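Two complexes are shown next, each including subunit A; its partner changes from subunit B in the first to subunit C in the second.
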Partner chain A sequence: MRTAMSKRKKIIIKLCMYLGYLLIAAIFIGPIVFLFVSSLKPYVQIESDMSNIRAFIPYGDLSLDNYINVIVKADFFKFFKNSVVVTIIFVLLATTINAMIGYALGMLNFRGKAIIISTIVALSIIPTESIIINRFMTVNSLGMLNTYIGLAIPSVAYPMYMYLYYNHFKGMPKELQEAAIIDGASYWKIFTKIMMPLSKPIITTVAIMAFIRSWSDLLWPTLVTRDGTYRTLPLALKSLFSDTYTDWGQVFAFSTLMVIPTMILFLVFQKQFVASVTSSGIKG
Partner chain B sequence: MANSSKKKSGLQRGESKAAFLFCTPAVVLALVFIILPFAMSVVYSFTNKQLIPKVGIETAFVGLKNYIEIFTSKVTVLSFKNTFLYALIVVPSVLVIGTVLAVFVNQKIKGVQVFRLIYFSPQVVTMTVVAVIWAFIFSSNSSGLLNSFLGLLHIAPQKWLQDQHLALPCLAIMYIWQNLGMQMLIILSGLQYISEELYEAAEIDGCTTFEKFIYITVPGLKNTLVYVLVSVIINSLKVFTQVYVLTNGGPSNATTTVVFQLYKAGFVNGQVGYSSAIAVTFFMLVMVISILQNKFAKED
Partner chain C sequence: MKKKIFAGLLSAMMVVSLAACGSSETGATATESKSETTANTADGTAAAATDAQGGYEGKEVKVWISSGAEDDIYREMFDKIEGDLNITITDEYYSKDELDNKMQTSSIAGDMPDAVVADYLLIPKYYEAGLVANLDDYVTDELMDDYLPSVVSECTYNDHIISVAQFDSGLAFWANKSMLENAGVRIPADYKDAWDKAEFEDALKKLKDSGVEWPIYVRQNKPSTEYYTWMPFVASFGGDYMNRETGLCTGTLDGDNTIASFDFLAKLFTDGYADATCDYEDSFQKGENALALYGHSKYQDYKAALGDDLILVPLPDMGHGVYTCSGSTVMIMTTGAQESGKDDAVWAMLQEATNPDYIKMVVDVNGAVPARSSVMDAIPDYCEGGTLYLYRQQLESGISFLRPYTPAHMTIYDAMASVIGNIYAGADPATELHDAAANIDEIITENGWNFQ
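Up next is the complex of A and B:
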């Protein structure tokens, strides 16, 4: 009798847990569902649906009109291309240049190593925001305003990435390198042919961090782009949103298209994605 | 013997040369885009440097004038206050709710991993998009999403982002919503280090769930929570995106934050000297927090 009771109690507790999980899930995923659903509705319906639960349900006059408008009128793919180009340059350089210095600091012996390491630690405290105006002044005097280079390069050397790589390479077996040296391999060859292929997990982590950073950055593109030509997605969304008349349908379609690449990355690299984002939480 | 040491020094020279080449790109870029701008910020903060040089006005040393202005300008003082207030809303919410959530999803129940990922998923949404979605949720008309929901509970419609007192909390909620799942996962990984035996012992002693949470979970999470605390403080002090996209610092400067203010002073108003002084003050603030964290971490 008693065991039957406690069994029943257990089931009830479990059900309550699931109910709790679902309710909390609704808070986190509700706004995202709302975004996707609304991107398919005409503006008039978005407005009339927003006072009730229908805001979260795909029903009514659903179409891809908003998407067509965003692509034809709001020139989505021009900004998409800018974001893609800047992000590719940034991710490629950030993963390699910081890996190179990380490799040298972690696996090679040379004078001045200790100074460089402590400088990196010190620099990692500086928030980008506190040097951004004068970084802009520097980029301006180098004549790099309104260029892909000016958008991508300045934040490539990133103390935290250097430190991550340094830590990683410090832990690599030295024997591997020694054996390669005896075989007559150059350090460049050791780095590109042996060390980097063995470092895929850390490269993925840094690449995901760099992707998110570049893809979502709003402040830097605001400073260094002069007109629409080099505007990236967040900036383009901001101006679409701040138009005197905000067409919410278009804003939501634009936002959805903008989120999809990150979403794909998240779904494909779930574990690494979570690992990168959580480890980049400390210093940004 | 002598021969081998000679060979070694030759190798060492090769190693140093290689190391130098490997370091060069990163060092050059860091010099030009981190160290130089940082030095400029410090130097310019003592001058009246302008973005676009004005005819007849030379850049000159002005001593502490910019720093004095930080403490006397109403808007700049307010920007620091607002930023602290924002952090004061974000940090405890993320810590407390994040810990509770982490404990809540730390169960061996089927499907719980899926829920963890769902709670994390707002992190995938770019902040600009988060701002746009929540701007709609916080629509100020009475048929707005949140206002309609509150209407069901017989709460009068609010002006949200247009309300001086509510605008900043609204911006904080956006960040909490985006960030909470991630902090939950960090705390969750901290929970794995707390020994199961402690809970069993407490069970025998007749502790309630709440007591177990306060006396075992929270102390066991100390290191993780300090880490989360510091990273959330620093990140929330950098608040800019929501302000820039949604409120432009308004209404009546209620959402002007430090980073927004230094952006406005330097880029919009062209007062690079003044902006640099704000930037240096901001940097010192972050540095103090980082040093305090290191001190805390060393005590353990």
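Up next is the complex of A and C:
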């Protein structure tokens, strides 16, 4: 009798837990469903469904018109290409340059190292917004405004990435390096042939963080792009809003297309993504 | 040794990479010299205007436009003007924030446009920065005489004409005639006949009692727009957003009369006349409200939903008179255009854009009030008995109130968006306005934007 009771209790507890999980999952999936479903609806229907449960239900006059408008009229793929190019440059440079700095600081001994590490930690608390005008003027004087390089390079050296690499290399066995030096390897060779291949998890972490940072960056491209040629996706999305009129159908279709690469990336690197969140303590 | 060189190289690379964080002396110098050469020169303008008879053909004009509902029609218009004048127009569309950022950095980047189409409230900041050309010697008497008084006001800054406009904004209550009639509410014939405070409160009560759950919609889903739509109420309570003499907010934005107007706004929610949780745009179309405090831009949507039941009702007199708010998109010529000798082409373009045909082309799309009386004469809606006649009557009679015309506009706009959002959420208006006034004044003083 007691066993049957406790079995029933266990089932109820499990049921409640699963209901809780479902609720939490719904909270996370809800906005994505809302986004996707609304992107298929005409403007008038989106407005009337906006704040009730129908916003999550695909019904009514569904079509791909918003997507066609976004691709043809709003020139989505032009901005998509720009975002892809900038993000690739940014991710490649952010993962390698910061790794070099992290390696030097973590594995080598030289004078002033402690000061450099303290400076990096101190720099990480300075908000990007507070130095953005100075950065803009530097990029301007280097003649890099309105270029892919100008969009990608200035934020490549990022204190957080440096510190992550520094911590990673600091924890690696020094014997590896010593053995390589005895075998006559140069520091460049040690870095590229030994250290980097052994650093895949941290490289993935930095790459994912860098991807998210670059893909969704709004402020820097606002200043650096000077005409339509190099505008990125967040800027193009922002221009769909105005005080008097917002075509929500286009906004949702544009956002859906913009989110797809991030979702694909997340699905492919799911494990590494979770590891990066837990290891860095930072959410993307 | 190798190790030291390698470590040194890596450290140097880091320093170079981080150098982007530092300031650039060259850039700063460039800015200063640019500012010196872009001062507003009325004399230069006059000389250029004399040369501006023809001679602009083949020139290239770059226009930056604050994007909105008019984007497509502007593209069409600029294409036509290109053909009309035989000039090349490069029109680029940016969100308001992006345009503002780009304008502020354009003298550093050296890519100032030749003309800008933007909210008139953004212009003083650019003018003070030496980016906007005076148009005193370009505009004709014919144009100025045909303009609505409110348009002349929005185009004038520091006693100079600095912009031209195709249209102005219209603001009154959109009302559902049947609902007002069912509730036994008197419908004012024109602005001189507007409700007073007691009658307005009584109207709201009657509407509520007649079964209209939320008698009024104030676009609570977008608090930033209330900076515009609540202005007539602030004025009618005897308040203002800024002391127009000093250019500062303390004592005015948080003065007794302004606080009283926002107390009244808060009361609309606490008394159950407006739904604080309404986060959607089509409340009025759905028949949830009898009154909507919304500008001209909703005309087409509201007309489609309500048909002949849609009427305009003047805003009430809350003690200090009946007011409306005006001011909209304007077109400016930059000092960059003057320096590069393109002012003739730019002025020809602006003149063409303010021709009746192009004005009508744009207002047919955005529903705004045509800037020229002659254009309104040709549109039945703006003639006596027309649905939008009240807009015309209000703007022609000079009861429109402009939001503060100051370089600090974006600062006040952002602060008020958050103040109003907080009031919707139940915050105390007096506390919110006191804090906002102090914060705004700090920024105004730091930037020297107060009027000396």
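Definition applied: the second predicted complex is superposed on the first by the 237 of 284 C-alpha atoms of A that agree within 3 Å, B and C clash if a C-alpha of one lies under 4 Å from a C-alpha of the other, contacts with A are read in each partner's own complex, and residues count from 1 in each chain.
Following the convention adopted for this analysis, a residue touches a chain if its C-beta (ideal position, glycine included) is under 8 Å from a C-beta of that chain, and two chains touch if they have at least 3 such contacts.
Everything numeric in this text was worked out from a predicted model, so none of it was measured.
Shared-chain residue A:Lys14: touches subunit B; no touch with subunit C. When the two structures are aligned on the shared chain, A:Phe28 is found in touch with subunit B, with no touch to subunit C. When the two complexes are overlaid on their common chain A, residue A:Ala114 makes contact with neither subunit B nor subunit C.
Touch criterion met: A:Phe241 reaches subunit B and subunit C at once.
When the two structures are aligned on the shared chain, A:Ile182 is found in touch with neither subunit B nor subunit C. Among subunit B and subunit C, the chain that touches a larger number of residues in subunit A is B.
When both complexes are overlaid on chain A, the residue A:Ile125 reaches subunit B alone and has no touch with subunit C. Once chain A of one complex is fitted onto chain A of the other, the partner contacts of A:Val251 are limited to subunit B, with no touch recorded for subunit C. Residue contacts after overlaying the shared chain place A:Leu145 against subunit C, while subunit B stays out of touching range.
By the touch criterion defined above, A:Val268 lies against neither subunit B nor subunit C after alignment on the C-alpha atoms of chain A. Annotation: subunit A residues 47, 50-51, 97, 100-101, 103-104, 108, 110, 116, 123, 126, 131, 134-139, 153-157, 162, 186-188, 222-223, 238, 241-242 touch subunit B in one complex and subunit C in the other.
Contact residues on subunit A toward subunit B in their complex (touch as defined above): 14, 17-18, 20-21, 24-25, 27-29, 31-32, 34-35, 38, 47, 50-52, 55, 97-98, 100-101, 103-105, 108-111, 113, 116, 123, 125-127, 129-139, 153-157, 159, 162, 181, 186-188, 191, 215-216, 218-219, 222-223, 234, 237-238, 241-242, 248, 251-252, 255, 258-259, 262-263, 266, 270, 274, 277-278, 281-284. Those residues of subunit B whose C-beta lies close enough to touch subunit A in the complex are 11-12, 14-16, 18-20, 22-23, 25-27, 29-30, 32-38, 40-41, 44, 51, 101, 104-105, 107, 109, 111-112, 115, 117-130, 132-137, 139, 143-145, 148, 177, 180-183, 185-186, 189, 227-228, 230-232, 234-235, 238, 240-241, 244-245, 259, 262-263, 266-267, 272, 275-276, 279-280, 282-283, 286-287, 290. Every residue of subunit C that touches subunit A in the complex is listed here, in rising order: 2-4, 6-8, 10-11, 13-14, 17-24, 26-28, 30, 66-69, 92-98, 101-102, 105, 108-109, 111, 224-225, 278-282, 286, 295, 297, 366. On subunit A, the positions that touch subunit C within their shared complex are 47-48, 50-51, 97, 100-101, 103-104, 108, 110, 112, 116, 123, 126, 131, 134-141, 145-146, 153-157, 162, 186-188, 222-223, 226-228, 235, 238-239, 241-245.
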